[in-house]
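Below is one structure, written out as structure tokens; comments come after it.
Going in written order, the chains are labelled A, B and C, and every chain counts its residues from 1.
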């Protein structure tokens, strides 16, 4: 990034991601923030801004739950705000922190992405409530069927099959097996995916992310302020961009600028962020964390990230692309959202995992020698896209 | 004297109920769209700038950021652009399995979402695969229109 | 860092206008703001929005509503927080040089949802919700403390309330009261949209400085009448702008009730401790348009105050300085302050 202030991630703290956490939200937040501060080498007094991400409120059964958990992140007496952009909430919170730091509104920020969706006993109903109440809610739309409408169109347009997508799922689950924080750590096979319960044709249970809870905290600072951290690894922010599309999925069917499944917003965001970082393609990175809660959605991102032309996606999957030992970029060494998808945190986790990789701090899931990483974010009616490029110090 | 914080008790939970009632104002454009459904007409609005006919009707074009002007009736015949087969049950909605999909009606520039009825779903994979070829569909109106999007459904012009 | 200017603004305050959907209201207000700035949607480099899911009755409101705010294929983000906080983020986007023009918009449509129940859901399900707490109840506790501690509050509340204008007859527009608050001291619910255009090119109003601070969630941990966060936020904004409280000509203070507004006047240094209500009763500098009685719905109100202050500066015949504040939910837990300077 060539902005007025160079930015870097100094520390990451995460709870494990699980179906349900028994601790209170402030307790979970405190734990993750404490770990992030310890990792960063900064103290609480060094933090100027605290940005919280949570989405949607109804999943917690609390109105503006950030007001209850931000004090546990040390926000009292400091600047704080809550971001809510659906699936991209976590990364949008990080971008808000970066924007404020670049404007000189502080030297260091804490970003906290939180999810407590086990508190809702009516998750599908909550996900139906996000749709337009006037024209679309009556059709029983949910986040799963919204994904399925795209999957079907990808089968029509480019010849994807359930078998191909199951291979993507198998790779994500294989990677997750070496991530102790992942919610799903079973190395499910292609056969397991293809025989799991049908959710919304053609999506089956193991084509989709689980319902997860957890907290991710990240410390971001101006590199000038981080200078006294000399000797500690940094993850420098080399590029970032966010782009919003129309809500209406029907408006994107056959749209000249980009069809529903061409993911125009990610194409635009990636073009900007990769350009800022001087990368021709996300394939030039060592690690790519793709924010895709479904296997088909991961493959929808391949063309926008310039891995291949959209029509060549099925062949790319066939080639075994993205595996830890595959030679090319490693896709989702954490297992990605299919192994843990706490909505309000998940896009921040993509950033945090990329930061850990380029800092050489990813433990068992470390990709040896990872120097550059790309994280994407995806939210709304697949209408909010972000792309961030990080590199090691 | 203080006690040690280490003493552990079973975690407490309490039940909560999360229900809020709303009155959504559809606004002029959607109100007219729904009123026209009772006349068995599916209406779109035209953007004066990009000239797209937006269906269902909108008061403004969010891409050009201008108010729409003309009202345009579109054909009840169209193409099933994409679809899914729902298996999740929702309170107040018909029992699954259900087919829901986006249809590009002739004369429209954007696709409209609705149920697709009359499909044999005994074998979902067979039914789904058979509909992948963007089959032609037609909107069928219910006998009594209530001013909801579900006043019409789509049916395949030829059995899958 | 570059200076930031306010080029245009708009506020729409309506009630139950069935001819317009929520997105229609947002579209019209944003278009008006762009018009006053003399630019089109294509000129906007980034958009920062503020809206609450539960107020809007949409599980993830910006998914459906953001495109009505000129965000198509744009850089856009949304706060689930007060509009003045969104303004501070929008200011940062221009100040840092990342965009030349930033649109900030905030809204809340009180007529669509159950506002009192929504306010109740803000409170801790273990310790406060069982006690029927709402934000009005917290204002009631603030008012009781003021009346007990400061004789000026009792003496001037009637005159200050009279300045807020005529109350609408529709009972659904005013929340149930909490003693000792009187009807004329309560907010008037409305369908509110505010939009502001910020840019790097010189314009009629300059953003002089901003500040922000946060209080604890638990009410028992707060100084309920001291408004600690607002004291810190306004002091920061004044320091950032290099002006002192005494030189402020125009005050637009966000508070749920008349008592919250009076306490805000003290917190920003416009009135001495205990004299806030007297200032509201006697000074034309503060909330000239009637404050929360002119139409209220979170989280739009901080941005409404910024837009109203900017209007007053634009309409002033001399060069003046204004201070606008915005308070978040849970009884003003986060406060932002903005100093604006007229040309």
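Please note the rule applied: contacts are C-beta pairs under 8 Å (C-beta built on N, C-alpha and C of every residue); 3 or more make two chains touch, one makes a residue touch a chain.
Since we're looking at a predicted model, the values are computed, not measured.
Q: Give me the ID of the chain with the smallest distance between its Cα centroid and the all-protein Cα centroid.
A: Taking the mean of all protein C-alpha atoms as reference, the closest chain is A.
Q: Between A-B and A-C, flag the pair that has more C-beta pairs in contact.
A: More C-beta contacts join the chains of A-C.
Q: Averaged over CA atoms, how far is the centre of chain B from the centre of chain C? Could you give it in whole Å?
A: Chain B and chain C have C-alpha centres separated by 36 Å.
Q: Taking the mean of the CA coordinates per chain, how far is chain A from chain B in Å?
A: Each chain's C-alpha centroid was found; their separation is 27 Å.
Q: Would you mind pulling out the distance in Å between where the CA atoms of chain A average out and where those of chain C do?
A: 32
Q: Listing for chain B: what residues touch at least two other chains?
A: 16, 18, 22, 24, 26-27, 30, 62-63
Q: Enumerate the residues of chain C that touch no fewer than two other chains.
A: 21, 54, 57, 67, 71-73, 118, 121, 125
Q: Show the residues in chain A shared as contacts by 2 or more other chains, in ascending order.
A: Residue numbers touching two or more other chains: 58, 61, 128, 133-134, 246-248.
Q: Of all residues in chain A, which touch chain B in the complex?
A: Listed in rising order, the residues are 22-23, 58, 61, 119-120, 122, 124-125, 128, 133-136, 138-142, 144-145, 148-153, 155-156, 198-203, 246-251, 253-254, 260.
Q: Provide the residue numbers of chain C that touch chain A in the complex, in ascending order.
A: Going by the criterion above, the answer is residues 1, 21, 47, 52-54, 57-60, 62-64, 66-67, 71-81, 85, 88-89, 91-93, 95-98, 118-119, 121-122, 124-125, 210, 212-217, 232, 328-330, 333-334.
Q: How about chain B: which of its residues touch chain A in the complex?
A: Per the touch definition, chain B meets chain A at residues 11, 16, 18, 22, 24, 26-27, 30, 52, 54-56, 62-63, 81-88, 90-91, 93, 98, 100-102, 104, 109-115, 124-125, 128, 132-134, 148-150.
Q: State the interface residues of chain C toward chain B in the complex, per the touch definition above.
A: The touching residues are 16-24, 27, 31, 40-41, 54, 57, 67-68, 70-73, 111-114, 117-118, 121, 125-126.
Q: Please give the residue numbers of chain A that touch chain C in the complex, ascending.
A: Touch residues, chain A against chain C: 3-5, 50, 54-58, 61-64, 66-68, 70-71, 75-86, 92, 95-96, 99-100, 102-105, 126-134, 241-248, 257, 264-265, 268, 379-381, 383-384.
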